[in-house]
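In what follows, chain A forms one complex with chain B and a second complex with chain C.
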Partner chain A sequence: MGRAYSTIAFDPAKCDGCGDCMKACAQAKTGTDDVARSRIQIYGREKDFELALCRQCADPKCVTVCPAGALNKDGTTGVIGWDASKCVDCLLCTVGCSYAGIALDETAGHVSKCDTCDGNPACVPACPHGALKYITTANIYNEVGDWEDLFAPGLAGCQGCNTELLMRHTLRRVGPDTVLATPPGCVPGMGSVGFNGTTGTKIPVFHPLLTNTAAMLAGIKRQYKRVGREVQALAIAGDGGASDVGFQSLSGAAERGEQMLFMVVDNEGYMNTGMQRSSCTPYGAWTSTTPVGETSRGKTQDAKNLPLIMVNHRCAYVATASTAYMEDLYEKLDKAILASKTGFAYLHVYSPCTTGWRFPSNLNMEVARKAVETNFVMLWEYTPQDGLHFTKSVDNPLPVTEYLKAMGRFRHLAPEQVEHIQKKVVENQKFVERMTEHAHVG
Partner chain B sequence: MTTATLEKTAAAEAPRKQKVILAEGNEAAALGVALARPDMVSVYPITPQSSLVEHLAKLIADGRMDADIVDAEGEHSVLSVLQGGALAGARTYTATCGPGLAFMFEPYFRTSGMRLPIVLTIVTRDGITPQSVWGGHQDAMTVREAGWIQVYCESVQEVLDTTVMAFKIAEHHDVMLPVNVCLDGNYLSYGASRVELPDQADVDAFMGEKNVNWHVALDPLRPMAVDPLTGGTTGKGPQTFVRYRKGQCRGMQNALSVIEEVHADWAKRIGRSFAPLVEEYRLDDAEFAIMTLGSMTGAAKDAVDEARDAGKKVGLIKIKTFSPFPVDALMKALGKVKALGVIDRSVGFRWNCGPMYQETLGVLYRLGRHIPSMSFIGGLAGADITIPHVHRVIADTEALLNGAPAPTEPVWLNEQD
Partner chain C sequence: MGGQTVSLVMAGSGGAGVVTAGSLLLEAAARAGWYAYMTRSSGPQIRGGEAAVMIRLGTEPLASHDDRFHLLVGVDWQNVGRFAAEIPLGPESLIIGDPGEGETPEVFTRSGAQQIALPMKALAKTVPDGRPNMVAFGAIAGMIGLTEDVVVGVLRDTLKRKGEAAIAASLAAFRAGVEAAADFPAVPRLPATQADTSERWSITGNEATGMGALRGGVRFVAAYPITPATEVLEWLAPALPKVGGVLVQAEDELASINQIIGGSYGGVPSLTATSGPGLALMTESLGLAVAAEVPIVVIDVMRVGPSTGIATKSEQADLNIAVYGLHGDAPHLVLAPTSVADCLFTTQWAVHLAESLQTAAIVLTDQAMGQARAVMPRSAAVSFIGQREKPAALAEGVQYKRYANTASGVSPMAIPGMAGYTYTADGLEHNETGTPSSQASDHQAQLDKRLRKLTGYNYGDHWADITGDEDADTAILTWGSSAGPAREALERLRAAGHAVKLVAVRLISPVQPEKFAEALKGVERVLVVEQSHSGQFHRYLRAQYDLPRQVKALHHPGPLAVRPGAIVEHITQWS
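Our next item is the complex of A and B:
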């Protein structure tokens, strides 16, 4: 399947040209503050900045034009390395590169280029605006890309739905020694359990009732434990089946510390059965049972915060995640699987619904990202030992309107409703922040 | 008082010596469960079942029973935990009644559809409202169309023995259905009586090998999808659905002969026999009969004996297996009499009579006999059904025999108590 590599990404919209990245690079690589010697260069002015930096190309022109074999792409890291002992200082490489990614360091007297600081680039944390990111998701691709996909190809999800992605990733991660429960909702709706004798899953899978997922899984896990077999118990449930009618069995299993991973795919309503309101539906949202009309402007109550309720069960592991932050999700998935070997692990994944939330199907990741960037959704994790902490900064959020305007389900909101939502976002942030403070004092 | 027939059978291998104890029905049920060696029990307390699960918990705590006990947060989860356990290969057990059974109904209906051989004791309790915590068959009767086998016990000894037999019936290859052992709340649950405790080795030999999930399993070693969506307007979907339903009905019908075989095997190995489907008591030369269910049968047999002494040609028909309804066995019994009085301990709201009476009318139709009959309802919400109550039933039924018009309404036995 080939290999993917980590890379430094640049968002010009967030750059103000401050040059902190160049200072950090110069310090790291030359021990001076001479930004001319930085291997990352920002050009331009005001809001129109460009990046000069080695892209570590897959088909690097600098390497092919080098007559001395001084440049080489490392197959393991993907970094193009420069070998001083072979370089003849002809500078052909600087002509070959379209990105100004390799240039003459006049002080040193030879070319220099980015080596990503061995996977820990100094420029990235130096950027005060988050315009630079070191993208390491290639690790996911390299690590699990060859693992067997345990769902059949072509599940019947809506176009642009992230849940299928989540299901495939999760099952690849847990592996074949798993029993999967998918209570009524989108997950079986797209064919995971199947129709009329066919199935979309290559491991044991079943439809529990909407109400008893955690209880049935508990019975399965206990019996395998009794006979000395290591079998992973996994639920992939919707928010309705977890926060509403299925809550009792969820709470009971969590209280008893049943050994399972319970994943909730929160699309904030009963989307599979026609987009009705659940207790996870946010305030103001249109659903088919909180319609917009002469006397109604969407849901009149705020959403129940199910993951925080699970924290209060003192589960072995509780975390929130988003399909827009796959690395974060993967780390949490690993921790949740580990925790489920000895206790109840709960993973709450926010998963936008193209159909029910009314936005174009190509924007799912963007909507998911905006939810996090506005603090409408916060990413955190909890263990009884270490308490609760954020895994993604909640500082400097975008206004919640940046999130709300992306979806038709909020189109009708009156200014006072938007104000209510913004107020609740801040209130929720403070509430969770206080929990992180409590964790610090122990 | 007449208890269960204690008929020692001459067996090739005589049963080992049985310990004699004094036990209430709930304790006897728990001891029966322990003898059957389940892997998993899941419990939630409810009156008058609570002491049964307390006994189970104590047996496990004392190391006298090796089972995983799950104290679930409600009856709905109790049965759901057991479904999971059974799908992973566990022999499973629980007990409930009344509102607990009502709360359990969602997974309850599903248990028979998945053909899971779970044994569930209903310590029968009347339905609310009016609020009541006392005995009555309304709970078990209300769920009689959910595909479970339901057997009713007459005595504490029968509770113990039937509890063990229930596992064997449920797990029989030709049955694979869940079983309710119904024991009367208050009368049997708290009624202490002499009980003989079968030897574990005899019970082990009786039970044989466990194999509860050969047909449906959630097991990574043999992956399958359990319960895909099945149905639709035409074609493969509804055809498959019909096959499932027909299979359930066939399993229920197979259960009739299996229940008889298992009772016969129990008699051979353990030395006690009970009428498996329908018991005929002093019926062969009877002109009319009364019909009973559960613990009321003891008083009713005494009343029949007294009536016989007074020259009345009355017999008694006791139903043990209520679901599947023992149509053939009942036809045989009903063919012997010319008038019938049926005592129910629950209400059939739709026909304004007892449910067992209503079912019996169907048997008479199939038999082609239009004999005069009456419905009696008694013992609701813990009320006694005493020998005098049964004498009234005998007298009214005898009047029918002698040409009195059959009332269109049931006789409410405890209305004037």
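Our next item is the complex of A and C:
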């Protein structure tokens, strides 16, 4: 499998052509304010800005056309490096590049190009609008890409299912020495338990009842411990199966410190059986049992904050995560797996549901990201040793309407309902902030 | 049953739109003046599973599916072969498949049915936004005699919100189907009718159950979603507030049954709906309702068990747990509707009985009944309504005895808060006042009383539906959704000159030995029909009733439906 590399991404919709990125680059690379010498160039007048920047191509034309061997792609970083000692200043490379990624620096008298400032590009933080991002998730691909996908291809999830994405990553990470317990819900419903005479998951799966997943898994883990085998006990349960009917056994297992990783895929309701509300369904949301009509405007109660309840069990590890923040998710997975060797680890992953939340399936990541950017969902982690802290703090959150408007399930909201949700978001944020101040050392 | 009927199946992978097309077909048939009966079958997975709608249309009301289907239309064949056992075909049947979707599975073709190619996908592509399921709908409509004007009306009404373009696209695809099937081999064609359809209903068993609850006076429902009972809740959720009631979605089945026990203790007729796994969780609390004499109704829409089983398909195998599942000696009511329409009556009656007798009533419907949609004559309204005996004014200085050992066994029940009527409702054994007691005499007295109120009550003629020849020496004994095919079998047998009687038991518990003996007077042989692997109903009858010497049992597990032909065969080949 080929390597993937970190890259600078540009969102033209957010760019207003201010030129701060070019100034930052010129400063960093030439020590001057001469933006003509910047290796990143923004073209355009009032709108429709375009980017001229080296893409660090996988199949770089500049490298092939260079007659002097002065350009070379670094296999480790992916950066195309320029060697001044070999360059003959023929400028053929500038003709070869389709992106205007390498150009003549007239002052220096040589070509110049982006070297990503050794993985810490100066232009990215300089952009006041967030139009530039340095995407580093390639590391995940490089690391886990070769690991076996323990989930069969062609599962029966809805198109664009976020939970499938989450499961594939999670199973890759926990590896084959795992027993998966997954109670009725979307996870078995999409085929992890195997339909059609073949199994969907390439590790042992036990499909327990909604009431008893944590208890059943605790029994399995204890048996393996008794016979001295190191086996990862993993539960992947829905929010309904964890926060409603399965809560008693979840709470019991956490209190006893059973050695397992319990992952909750929170799609905020019973999405597998026709979108009924659960105690994790947020206020105002339409579900088939919190309908919208003359006498009802969606759910009238706020969601139960299950991860905070788990913090109050003083679990070995508790964290919230989102698939829109993969590196964060992977870090938490690693910590949770480690913690589950000695105690109960709980990972609560927000998982937008295109079918039940009523949004086009291509907006999955966008919805997941907006949830975090508005502070509707907060990403934090907790250990008894270090207490609770944010892993991604959003200091200037977008108004919650930016999140709500993306989904059909909130379409009916009256202004006072939106106001209620915004108030709750602020309240929740303050509540968690207070917990970070008074570290919950247990 | 009687009249002319045609039976057909539309099948395809999940998302092929067969359920949508089937629903449109049913609606159009209803408007054309025909009666209809539609069940559906699907796999448990979220997407890419298989789905089928089985539809029977007729000129007279229908109680059951036929033995075989005249027509099977496969919009595609992905995994549809898995339904083969549920879709019996014969040499007279016709299979329509899309040649672009591959070969018809061998499990279907081995029936000897004639095969016809209909390029549904290709025909759909000739129409902007055309869909293959609408082509299938058109082909079927043309073959069975459904006219376009009726279909146009249905499409207009159902697709109104999607706009003119969507209606035009559906209609064009529909026409392409009609045209393509014009010279296909014949299947039974139903005659046009001028019937007055204003007194008919298009209703599912689950909707009828909800309506029965409402009419019986239920004003509080707490429940936890479970397939295939959820539609009962979905029907009741918007209906209850209109009559001052309320539905609460609980966090699990333990919560839902205990919420309704609480609601009922507070004086409101209360009900919950679930399926087998939920009933299992509720059994501890059913015991509480029996001991504390709090009226409640629990609907169990049975599915294939045990455990998660086959959540989307039907079986009659919760009889044992419903009758015997409670701990201790806990007499209670177990009832079962005998048809889609009867879900209304039986639920309403169950509410009435639970309230009158201050006990728990379990109503056993099933997936085949609950999720079946029937176009049928509107049910007559019955007057049963939940009415609890309330205490009369107390004389000065007399203590209220909540569990007074009355002659009938029913003790007047006060509502908490009534001055002078304070009492403890409890699951601990108690004396007449409700105070806990571990005395043998109190236990004996309360056990007697709780049994007496059920056995001494006059349930009238509603304990069973008895039809057929009064002096027949052969009887079919059945219950629940197996009563449908049994009714059709009875008609066929009688039409062929056999004298047969049908007893479809509605009141499973408490047993009615005298009425049962009366119903079976002169009967020398009995065929017991049910859909369970172990023959639960047969064993129950054996344990509770005196049966004639000659007894045969026709029983098999779900999800295969009992077919009328199988019953007829058992009777006619009885030598």
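Criterion: the second predicted complex is superposed on the first by the 384 of 442 C-alpha atoms of A that agree within 3 Å, B and C clash if a C-alpha of one lies under 4 Å from a C-alpha of the other, contacts with A are read in each partner's own complex, and residues count from 1 in each chain.
Just so it is clear, a residue touches a chain if its C-beta (ideal position, glycine included) is under 8 Å from a C-beta of that chain, and two chains touch if they have at least 3 such contacts.
Keep in mind it's a predicted model, so treat the numbers as computed, not measured.
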Sticking to the clash and touch definitions up top, decide whether chain B and chain C on chain A clash or fit. clash
Between chain B and chain C, more residues of chain A are touched by B
A:Asp244 in the overlay: touching chain B, chain C, both, or neither? Say first, second, both or neither. second
After lining up the shared chain so the two structures overlap, which partner does A:His207 touch, if you call chain B first and chain C second: first, second, both or neither? both
Contacts for A:Leu379 in the overlay, against chain B (first) and chain C (second): which applies, first, second, both or neither? neither
Indicate the residue numbers of chain A shared between its chain B interface and its chain C interface, in ascending order. 195-196, 207, 209, 211
Show which residues of chain A lie in contact with chain C when the two form their complex. 154, 156-159, 184, 186, 189-191, 195-196, 207, 209-211, 243-245, 247, 270, 272-274, 276-277, 279, 288-291, 293, 295-296
Provide the residue numbers of chain A that touch chain B in the complex, in ascending order. 176-179, 188, 193-199, 201-209, 211-212, 214-224, 226-227, 231, 248-249, 251-253, 255-256
Which part of chain B faces chain A closely enough to touch in the complex? 39-40, 42, 68, 70-74, 76-78, 80-90, 92, 106-107, 110, 217-220, 223-232, 236-237, 240
Can you name the residues of chain C that touch chain A in the complex? 14, 43-49, 79, 224-227, 230, 233-234, 237-238, 241, 247, 249, 251-253, 277, 281, 307-308, 311
